[in-house]
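Letters are used for the chains, namely A, B and C, taken in the order the chains are written, and counting of residues starts over at 1 for each.
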Amino acid sequence: MRRSRLLYVPFYATYLFLYAPIAVLVVMSFNSGDSPYSFEGLSLKWYGELAGNAGIRDGLVNTLVVAAGSTVLSTVLGTLLAVGLARHSRSKVLDAIGVLPAVLPDLVLAIGLLVFYASVKMTLGLHSVLLAHTVFGMAFVAAVVRTRLTHCDTSLEEASRDLGANAVTTFFRITLPQLAPGITAGALLAFTLSVDEFVIAFFTAAPTEPTLPIVIYSMVRFGVTPEINALATLLLAVSFTVVIVAQRMTRLTESLS
Amino acid sequence: MSRSRYTRRLPAAALAAGLALAVSACGGEAADPAAPAASASSAQLNPNADLSKQSVTISVWDGYTPKELPQEIKEKLKVDLKVTLHATNEEIMAKLTAGADTGLDVAFVSGQYAQALNEAGLLEPIHPELIPNLANLYPEAKELSYDKGNTFSVPYTWGTTGICYRTDLVKTPPTSWNDILNPPAEAKKKVTMMTTERWLALPALKVLGYSVNTRSDEELAKAKEKLLEAKPNLLAYDDTTFGARLTKGEAAMVVAWDGWCPTSEENVKFVIPKEGSDLWVDTMVVLKSSKNKEAAHAFINHILDPKVHGWAASNILYKVPNKAAMDIVDADLKAKNTPLQMTPADLLQGESIIDLGEDSVKFTKLATEVAAQQ
Amino acid sequence: MTRSTVSGATAAPRSRRSRAPGRLAFLGPGLAYLIVLLLVPLALLLSYTVFRRGRFGGVVYEVTGENFTRLLDPLYLGVIASSLKLATIATVIALLVGYPTAYLIAQLPRKWKTVALVAIVLPFWTNFLVRIYAWIVLLSGPGLVNSTLEGLGLGPFEFLYNQGTIVTGLVYSYLPLMVLPLYAAIERLDPQLREASANLGARPARTFVSVTLPLTLPGVVTGCLFVFVPSFGNFIIPELLGGGRSIMVGNLVRDQFLKARDWPFGSTLALALLAVLVVLLLLQAWSARRA
C-alpha cells in the first residue's frame, strides 16, 4: 500500500507535542534545586519528600477508588445505553440525553450536582464523586461504543432474532463480542478522564477525602514544586508499567484492534 | 405509532419535573439567606465537655499551619485533628454556601468571606469564654470592620497589599500605584496585577482617591478606565505565582500581598504606595453545622498560643495579630523581611475590605470587563 | 406484522416481541441514572435562572427576569463569541493534526498499534495542572524554548499570555480526545474499500475524499465534539496560559458561581453556554442529514 511520507509529519508532531512538557517535568523532578527554570544537579531528594507526604498518598488511593468504581459503572451503563439508543430507540430526545453529559461543561455539572446533593441531604464523600464521574464517564463510553455500532453489521443481530433469540441473548452472543474493542476503548477513556478530573471532583468531594488532583491543586498555589513533578513522573512510570503488564496478561493488543 | 410513544413518555417527564421542583423547594430552606445569623439561638456549649470524644476537621490553605499540628493537638487536647486543604477562598465558599454536608468544623477564610458566611447563617458565634487566649490579640485586632469584637471570627494573620519589585530591574523604586498602572519603560510588559476583583481594582481606586469599598458606579467606571489603560503594559494577571515571576526575572514589579513578597531575596523589596492600601485579615471560623464545637474552640485557643501562632510569622512570614507571638519572632528575620516590621497601627492605616452585599457583583462585572477587553 | 428482511433491516420496525423487554433492559438503567444525576440537577439550575442573588450570595426565591436581561449585555455576548472563535480554531487544529495521526496508528502493526494508542492517553495520567505548568516553564521568557532559540541567535520571543497560547493549551489538553474516536472509526474501515478505489484508478487523495473521509465522518464528528466542548467551557487554560488577559465563557460561569456568588446569574450563563452547544449540535445534525 502506498502511503504519503507527509502523513508522518503530523504523526510525529503529535507525539512531540504531547511529550515535550512531560519531558520537562520528568527532568525537573530530578533537579536538586527547587526552581523549575534552572537545573542545578541530579538528586532524588524530591522523591524522598514525596514518600513522606501522607496527603498525596491518601489522595492517590482516593483517586484510584473513584476511577475504578466509576469506570466499572460507566462501562456497564454506557454500553447498555449505546446499544439501547442504537438498536431500540429512534428518539432524538433520548439521543440528546445520552450525549448531554459529554457536551456539558464540567463546571455546570459540578455545581448542579453539588446543589442536588445538598438538597437531598447527602453526605459528601468518595461515593458522591464516584456517582458524579459516572455521569460523564457513561456518556463517553456510550459515544465511543456507538461510533463502533453505527457501522457494525446488523445482519447478524437480525439473523439471531429471526432465529428466535430474544434481545438480551442477541446482545450477549452477537452484539457484545463485536463491540469489545469499542468497550475497551471507552473504559480506558472513562478511567483516564476520571483520574485527571478536577472541577467536578472538587465540588462533590468531602474536604476530608480529596482526590489526587484536588491535593495537587491546593499544593500548586505557588507554582509547581519539584515534589509534584516527582509525583507526576511516578504516576507516568506506574501507568506505563500497568499498561505493559496488562498487555502481557490480557492480550490488550487484540482487544484494542 | 409515534404519537403513542410520545404520550407514553409524558408522565415520565412530568414526574421528573415534579421531582425537580420538590427538591428545589427543600433546597430553598437550607440556603435561606434571610435566616438571621448572629441572633440564631446557638446551643449552649459545655466548657467541661470531654474533648477526647470529639475530633476537629479544618480546611486551610496549604502550608498555612505547621505540619506537626495534628500531633500537637492530640497530645495537648486529646483531640484528633484532620487537616484538609483549599486553594482559594472562593472554592471553600462555594462548598459551604451550597449547604452540603462537608464534615468541616473550622474553616480558614479571609475577613469579608467570614462576614458573608455569617450573613448566610452558617457560622457559630465565637464563645469567648472557651478561648482564653483571645487575650493575646492586639486590641486593634478586635476592631476589624468586617467583624467588630470578633463575634463570629478569630483573626489568624493580617497584612496589606503593596508593590513588590526587583531593585535591579527598575531604575527608580516605585512609590505610587501609578507606577503599576503606568510603568516606566524598563518595566513595560513586566508588571502583574491581581486577578481577584477587589484587589484588581485596588490600585486604580487608590490612585483616584476612592475607597476600596466603594459602591459608586461612577467611581467604578473611572477605575475601569484606569485599569484598561494599564492592561497593554501588563505581563499577566496573577495572584498566585507573582513571587516566582519576580525571582526569575520574568516580572519587575508585581502587586503583592506583603507576606507573599519574597523580600528575603537580596534584590527584592516591598513598598506600600503613598496613596494607601488595604488591610486584609485571614480568619478562623466555627461552622454552625459542626458537631464538635467545644473541640473547635479549643483548637482555636491552641492556635492563639504565642508559640503556635508565632510559627506563622516565623515560617510563612505573615504578620499575626498576636502581640506575644510577634515578640518571639527572631529579630534577624524581622530585619530581613521588612513587612514583618509593620505595627498594628501601620496596618490600621489600610482600609479593611468588607463584603459589599448586593453591590459586590459590580466588582465582578468590572473584572470581567477588564479581562474581556482585547 | 411482516418480518423485516435481513438485508433491509436497519430502519425497519422490528417485532414487538423483541423490542419491549429489550428497550427497558438497555435504555432503563442508563436513562434512570441520567435522569436522577443529570436532569434533576440541571432542572435545579434551570429553576435558579428566574430567581435573584441574595445580598451575600445564596438564592432569594423571588421570580424575576433580570438574569435574562443581563445576559444580553454585549459584554457577555462578546465573550461568548470570542470563546466560539478560540474553541473552533483549537478544534480545527486538533482535527488536522489528529486525523493523520489516528490514520497512521490504524495502519501500524498490531503490537505497535497498542503502544501508539496508549502513548496518546498516557499524558492524561499525569496531572492536568502539572502539564499546563510545564508548558509555562517551556515557553516563558527565561524558559527552555527561548534559551534554545537564543543559542541559535534568535529571540527572545513572548510566547506566553496571549490567545495563541490559549489555543495551544486547548489543543494540547484535548488532542487525545480527538485521536481516540478517529482511530476507532478509521480502524474499522475495510482496507479492501480503499484498494478497490485505487484499483479503479482513483488517486490516494480522491480515495481519501470519496471513500475514507465519508466513512469515518462519525468519528470526525465525535472527535470534534469532544475537543470543542471542553475547550468552549474551559477556564483554567485562559487563566494560566492566557495570563488572565483574555477570558472565555467558562471563566464567566466560574466567576459568577465562585467570585460573585451569584448562582442565579451563573446558572443563566451556564445554561446559555449549554444552549449555544445544543444549537451547534442541531446545526451539525441538520447538515449531516442534508449531506
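In the analysis below, a residue touches a chain if its C-beta (ideal position, glycine included) is under 8 Å from a C-beta of that chain, and two chains touch if they have at least 3 such contacts.
Bear in mind the structure is a predicted one, so any value in this text is a computation, not a measurement.
No other pair of chains has as many C-beta pairs in contact as A-C. When every chain is reduced to the mean of its CA atoms, the largest separation from chain C belongs to B.
Averaged Cα coordinates give chain B a centre that lies 35 Å from the centre of chain C. One simple way to say how far apart two chains are is to compare their mean CA positions; for chain A and chain C this gives 15 Å.
Counting partner chains per residue, chain A has residues 37, 111, 115-116, 119, 217, 220, 223 touching two or more of them.
For chain C, residues touching at least two other chains, in rising order: 39-40, 44, 140, 142, 257. Among the residues of chain B, those touching two or more other chains are numbered 23-24, 27, 31, 91, 94, 248.
Chain C makes touch with chain B in their complex at residues 35, 39-40, 43-44, 47, 53-61, 75-76, 78-79, 82, 140-142, 158, 160-161, 239, 243-247, 251-252, 255-262, 265.
Against chain B, the residues of chain A that register as touching in their complex are 35, 37, 55, 91, 93, 111, 114-124, 202-203, 206-208, 210, 214-215, 217-223.
The residues of chain B lying in touch with chain A in their complex are 5, 9, 23-24, 26-27, 30-31, 57, 59, 61-62, 82, 84-87, 91-92, 94-95, 98-104, 240-241, 243-244, 247-248. Those residues of chain C that touch chain A in the complex are listed here as 3-4, 6-7, 9-11, 14-15, 17-19, 21-23, 25-27, 29-31, 33-34, 37-42, 44-45, 96-101, 103-105, 107, 110-111, 113-114, 117-131, 133-135, 137-138, 140, 142-144, 171-172, 175-177, 179-181, 184-185, 187-188, 191, 194-195, 204, 215, 218-219, 222, 225-226, 229-230, 232-233, 235, 250, 253-254, 257, 263, 266-267, 270-271, 273-274, 277-278, 281, 285. Residue ranges on chain A touching chain C, taken from their complex, read 1-4, 7-11, 13-15, 17-22, 24-25, 28, 36-37, 76-78, 80-81, 83-85, 87-90, 92, 94, 96-109, 111-113, 115-116, 119, 131-132, 134-135, 138, 140, 142-144, 147-148, 150-151, 154-155, 158-159, 161-162, 166-168, 170-171, 181-182, 185, 188-189, 192-193, 195-196, 198, 212-213, 216-217, 220, 223-224, 228-229, 231-233, 235-236, 239-240, 243, 247, 252-254, 256-257.
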